[in-house]
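The following pair of complexes shares a single chain, chain A, combined with chain B in the former and chain C in the latter.
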Partner chain A sequence: MAELTNGKIRNSILKSIGLPTIIIAVFYAVVLVSAFMLGLPMTELISDTLRRFGMNGLLVLAMVPSIKSGTGPNFALPVGISCGLLAIVCGIEFGFEGFGLILFASVFATIVATIVGYLYGKLLNAVKGAEMTIATYTGFSIVSLMSLVWLMVPFQSKKMGWLIGSGLRETIQLDSVGADGIINEFLAFNIFGVKVPTGLLLVFFAFCILIWLFFRTKTGIAIFAGGQNPKFAEASGIDIDKNRVIANIISTILGALGIILYSQSYGYTQLYAAPLNMAFPAVAAILIGGATASKANVINVLIGVFLFQGLFTTSLPVANQLFAGTDLSETLRMVIQNGIILYALTQVKGGDR
Partner chain B sequence: MTKKNPLLKSQYKNLLTDNMVPIIFILFTLIGFLVAKGVPFSFFLSDLSSRFYRNAFLVLSLVIPVIAGLGLNFGIVVGAMSGQIAIAIVRYFFIEGIGGMALCFAIATPIATFFGYLTGKLFNKTRGQEMIASLIVGFFANGIYQFLFLFVVGVIIKVPADHPMIKTDGVGIRMSVDMGTLKYSLENILEIPFMWAMLIIAVISAGFLLYKRYVKKDASTIENKLGFYAKLTGSLALLVISIISIATNNSLMTVKKVPVVTVLLIALLGLFNNLLLKTKLGQDFRSVGQSQHIARSNGIDVDRTRIIAVIISTVLAAWGQLIYIQNMGTLNTYGAHNVIGMFSVASLLVGGASVSKATVGQAIVGTLLFNSMFIMSPEIGKAVFGQAILGEYFRTFMVYGVIGLALGMYVWNANRKSRITLDPDEAEKLVG
Partner chain C sequence: MSENLLKLKNISKDYYGNQVLNNINIDINKGEIHALVGENGAGKSTLMNILFGMPVIHSTGGYKGSIEIEGKEVNIATPHDAMNLGIGMVHQEFMLIPGFTITENIKINREITNPNIVSRIFGKSLETLDFKKMNADARKALDKLDMGIDEFTLVAGLPVGHMQFIEIAREIDKTGMKILVFDEPTAVLTETETQNLLKAIKKLAESGIGIIFISHRLDEVMQISDRVTVLRDGEHVATMNTKDTNTHEIAQLMIGRKISLDRKEKTNHISDETILRIRNFVVKMPGEEVKGLDLDVKKGEIIGIGGLAGQGKLGIANGIMGIYPAKGEVVFEGKPLELNNPKKSIASGLAFVSEDRKGVGLLLDSSIEFNTVFTSMQIHNDFLIKIGPIKFKDSKKIREHTKKMIKDLDIRCRSPLQNAGSLSGGNQQKVCLARALTQNPKLLLVSEPTRGIDVGAKKLVLDLLRKLNEEQGMTIVMTSSELAELRSICDRIVIICDGKVEGILPPDAPDADFGLMMSGSRANSDLRGDLNG
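So, the complex of A and B:
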């Protein structure tokens, strides 16, 4: 009996990890070893990996609710991101600084993202069966619409505007408002030369636990059931459409909070075209963590974002060392990121009209 | 009569809602002319016509996959890359002139066929998600393309560092490659003044209309009297305008000359698309596009038909990109292909096409309307808001918005219809 369950567990672990994850993990190990052999500063690489792990974490976590609800990975992540960016620039305009700015931006972003996420969820319910394509273009459209907003918004703050003319700058430095790395630095410490951004990781893990807990509540389980087997869920009296909306509101909020966490860690808030392609690395990361277009959990997020960000943090200096003058790591990122998304798309069933 | 009237009204209403996107674009361009006074019409026509010669072929390459049920093939980017690989090879060996251009076409064809085959295979595995897959496959291929041009050329294939195309350190191809005499090689064969070309087109279209009406006695021209007379009036008006301009040598005569070969290629492709649809293969495309199940039960090899459709589209896109780049004059090695997919799809949609319906006419009209918007946006931005950049952002918004809107409306309508037919009462009503 014990053996049977052991075997079951082993199988289920193998199944939940999946082949792509193993391939990427092995590849990451190879790159790490070669970085070590090349004598690259390992402590710096690991510090960087930790920072980028936390920085991108929430954006990847935003994929979990939407995948669980059956709408697929949230390719419209820029929608949530735009809400977050709007909250940051409003916060700066109203004169907030430091933690006050982060707090204000988070609250404001949550409110905006709830409304926008509701509308976005309604939209997805109208276009069942083609959510991923529509989501992608919704994201693109919103980013280009927001570009117009950034250009026309009558904000007065000198910290965001161009020297001449109206509109906001493309990148806004956050050190001028005392918010550069403010969460990262909270309780941060050095161990063996590795800098641990404690605050950043704590926030990320806290949200992971929140999402994990949420999917153990009645609503969370209902969302999951609706995503796994819509017909069965409907027969048991679950309002699937409502649940899909709820899941996408959560996803949009996570996207909005995610970009605030990202911006403060990066030190800059990037407007205009910067969020345009931000959904794809996030989607790729969770897929690398072993998720599919219809199944995902928090573990996938943790594994995926660590492997994905770790690989690219490490491969950049390695590739530069081995093949000076080429931008091989960017090429690698494109191939892996889009390759994994394509692989996931081949696993999606249906559509045979 | 009283009974007919509401029907007619709803017909016009449908006509209006069905053509919402084209109407918006026409209005937008007209507003552009009203507010931006600094744009002479002849300048607009020059700009529009040269954009048309560049882009029409690419937009036309999208028609076949739509009919075969694959939706809008953003994967034509892969074809565009194949064309650029061919250019890189030809330019590397300094093969010049029209011969070099012909060689480009010859080299691009097998490359595009190969990649089209792979893309088609992929689409068969991602059934139902072809459009997002085609978008991502473009990004993926871009990675491989960069690997090829930035790394393989130089590190694996040794090339001389003093070659004008290669970066100074001997690895990778430069950001921009000069086209040498490949530039305008198609245009240089024969160019005629714009208004003379209009005159010829007007005569041909009027002649064709009259031939259809009175010699062939085509039913559609007799039934749809309004359409026939509108077209005839249009042709005759064009005829009169072109004669007047030629006679008085007014500002319209300054419009850029027409490259006859490029226009002929575009026309040939339009003809090819239409003729292809009349063949057995074309019928297969249609039936696969309507229902893969029914097509399969009729003995059609669905997967093979879909792959052929993608190959045709990819090869045509490769040729289209060759036409585009020889007209631009320099190959923007790492950027020329990126926006091709988006812009071409947006153009086709602006012409009134949808995910499952597209015609050659829509592609042509769409290319004209889309590029009109493209020219006028910065002008409107400058005139209304004092900032040309605003118009440029607005333009990007229009591209994505049009695609998103068209896709969303299509899926929404399809879902609504399927819900109606699933409802047993409604189904009974429809049948009974």
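So, the complex of A and C:
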């Protein structure tokens, strides 16, 4: 009897954490130990992990509302990202710098993302049952469309244009507008040689709390119920379509703000094809954190983005040491990232939504 | 022609300890039409599943007893075995391919083929179809049924009645067909089509085929069958010669005296005030359509809605609650109710416990407390704390309320945070009721409240409904397939047939009245007139 209970508890722990999370966590631990054994600079690796954890955080958090509402992971993250990028280049063009630029970009991005997210939500309501596929291709299409925009906008700022010809550069340095790492540096400090990007982490955690709070409100609870079982929610008088739109507006806004946070930490704003594949690492991260295509919460985001980014920050130098001259780390990244998405999609039960 | 063809001996079957068939003995002679009648759940389909060797029987532990065909004991392990032994079935739903001709449908998977060059090299599956022979065979089968229709016509666009005949033609075209089962063959047919079908069945019987005829329509049974067997709750009640009995007796045997849930005298008074008035109500619920129903519900009563499956009784509550598209006039407490709007229905004081507990009734992966308060929170704005314009859930109040509900309804669980999906059926039903009660409804609609729960839990749920009615004066509309249950707590019982009210009976009306009304036997219209007046 006691054994049975133990087995049950073990099973329930395994179930509540999830097999992929455990596998990746073990793998991460192995890579960390090898990094230590190889004598790699651990403080630097940890600093790097913290920075990448913070800068990718919002993009992963953007998955929570869409998954909870029942539209699946937001594969159309490039839609939100494009809104954020547009806001940044507009800010630079209007001559904003430093915190002013970040503030303007955030406000402007939120406004644009609200409108775009509304339209995107309407689109998803029209294609119920095929949300994830449609989302992926919406993401791809918007990137191509925005490439045209970047080429044709009549912006004059010398900081963004090519040396000759018209259009915006592929990569825009943010140090020239005093926004390189501006949030990271806020209250940043060193401890045991590890650099803690306080501002970056604070912003990320603040949004995590906001999203957590949102799903405790009346609207948030209704969105969750609609995602879990639309028939149940409808019978309780919930307007599911409206809720799906709201959730995808929030997801799009998080994508837009996420890229602003990402860009300032990275030091560059990347246009054209750069957002093309940004949805996949974000989707993979939340899934590694224990989410499924129909269930996710903020804890999944925190665990997932830490494991995913930590693993790749650490595995790159380890792989370079062990297999010099190869591109093994990047290959491994693609295998794990796409493998985990594939795994999650096979877990989606037919007819659930 | 009294040669014995099929003998079912001492057939018993249980699903995980739940006895659904108990010691059934039926024998069928050559050329006999043997009717099989019984309520939903009496065990007719299980018996047929055994006869056809359906996988559902063998994957749940098989059955007890033996089957003999022409005196030889046979083992029917798969539907294929059944077919080889000459047992055929005409399905209720048509299994025809619309884009194929009648011949092709009749001959599908049993095509007559001629070898050709390609098939000699690549095998039999590439042989040429011999349409001439196939058409001739199809013609023969159709002629047997007196069908003048051309065998090369496409099935698409044919009237429903013809499709039924093609199904039959397919069965009789199989060589060595000995026993043919008709499962509710007339359910979708018009009056004339029905008569034609019955004629065809008689003709088939004359050719020596044994026929098992399953139907709810007792007048058809009287008209066509030689003998009739009545099943009730898995028990073999009687087998009689049709000419020695009448619909009245059959109906009485079908309903029977069940384990009576004793009925207490009511203590509260039912007012004359009509709380819910339904006129010309149409609900498009697939399989349970309501077709122009009129009904008045009095304040303070428990009104039962009964009837056979598929007649539309479940559509009524679903239509009122806006879950399936509805049309017509519904007046609740003197105010017209906006249809097709669940939010309005709930807000005006109606609460619904769905028959589809796992699909509509519960969020299986969410906690008991979430399930309990969700609807009240969303529609009545209970259990919320307002901070500025934002309404957060009031976790403390939710917990307190759920604990009270768990105590009041005796929900057996570890904690209010346990997932609803991990509870037993009876406790899940109580959570559904808890959610409905949390809404403080003026009228409670409950559909199939005891479906899939054990006897002890059944009694608890029924007692609870009665208590709500007596102590709080709550009006309850209870829909159930189990007549005994309705008779144990309802003040009046409405029988639905073909999407309309067939009649209203007091709970202590004789069994035969219920049986006749449920089978829609129009012969007793005088009885209906009395009760409606």
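Everything below uses one rule, namely that the second predicted complex is superposed on the first by the 336 of 353 C-alpha atoms of A that agree within 3 Å, B and C clash if a C-alpha of one lies under 4 Å from a C-alpha of the other, contacts with A are read in each partner's own complex, and residues count from 1 in each chain.
Following the convention adopted for this analysis, contacts are C-beta pairs under 8 Å (C-beta built on N, C-alpha and C of every residue); 3 or more make two chains touch, one makes a residue touch a chain.
Nothing here was measured: the structure is a model prediction, and the numbers come from that model.
Novice: If we overlay the two complexes on their shared chain A, which of chain B and chain C does A:137 touch? Say first, second, both or neither.
Specialist: Once the two structures are laid over each other on A, A:137 reaches chain B alone.
Novice: Could you look at A:213 and tell me whether it touches chain B, chain C, both or neither (first, second, both, neither)?
Specialist: So A:213 only meets chain C here.
Novice: Determine, under the contact definition given at the top, whether A:345 touches first (chain B), second (chain C), both, or neither.
Specialist: A:345 contacts chain B only, not chain C.
Novice: Quick one: is A:222 in contact with chain B, with chain C, with both, or with neither? Answer first, second, both or neither.
Specialist: Second partner only.
Novice: Check the residue A:236 against both partner chains and state whether it touches chain B (first), chain C (second), both, or neither.
Specialist: After superposition on chain A, A:236 lies in contact with chain C alone.
Novice: Report, in rising order, the residues of chain A that make contact with chain B in one complex and with chain C in the other.
Specialist: Common to the two interfaces on chain A: nothing.
Novice: In their shared complex, at which residues does chain C touch chain A?
Specialist: 321-323, 341-347, 352, 354, 356, 359-366, 370, 374-375, 377-379, 381, 384, 390-393
Novice: Under the touch definition given earlier, write down the residues of chain A that touch chain C in their complex.
Specialist: Against chain C, chain A makes touches at 213, 216-219, 221-222, 225, 228-229, 231-232, 234-239, 295.
Novice: Quick one: in the complex, what on chain B touches chain A?
Specialist: Chain B residues touching chain A: 69, 122, 125-129, 131-133, 135-137, 139-140, 142-144, 146-147, 150-151, 155, 167, 169, 171-172, 291-293, 385, 387, 389-390, 393-394, 396-397, 399-401, 403-404, 407-408, 411-412, 414-415.
Novice: Which residues of chain A touch chain B once you look at their complex with the stated criterion?
Specialist: 75, 123, 126-130, 132-134, 136-138, 140-141, 143-145, 147-148, 151-152, 165, 167, 272, 280, 323, 325-328, 330-335, 337-339, 341-342, 345-346, 348, 350-353
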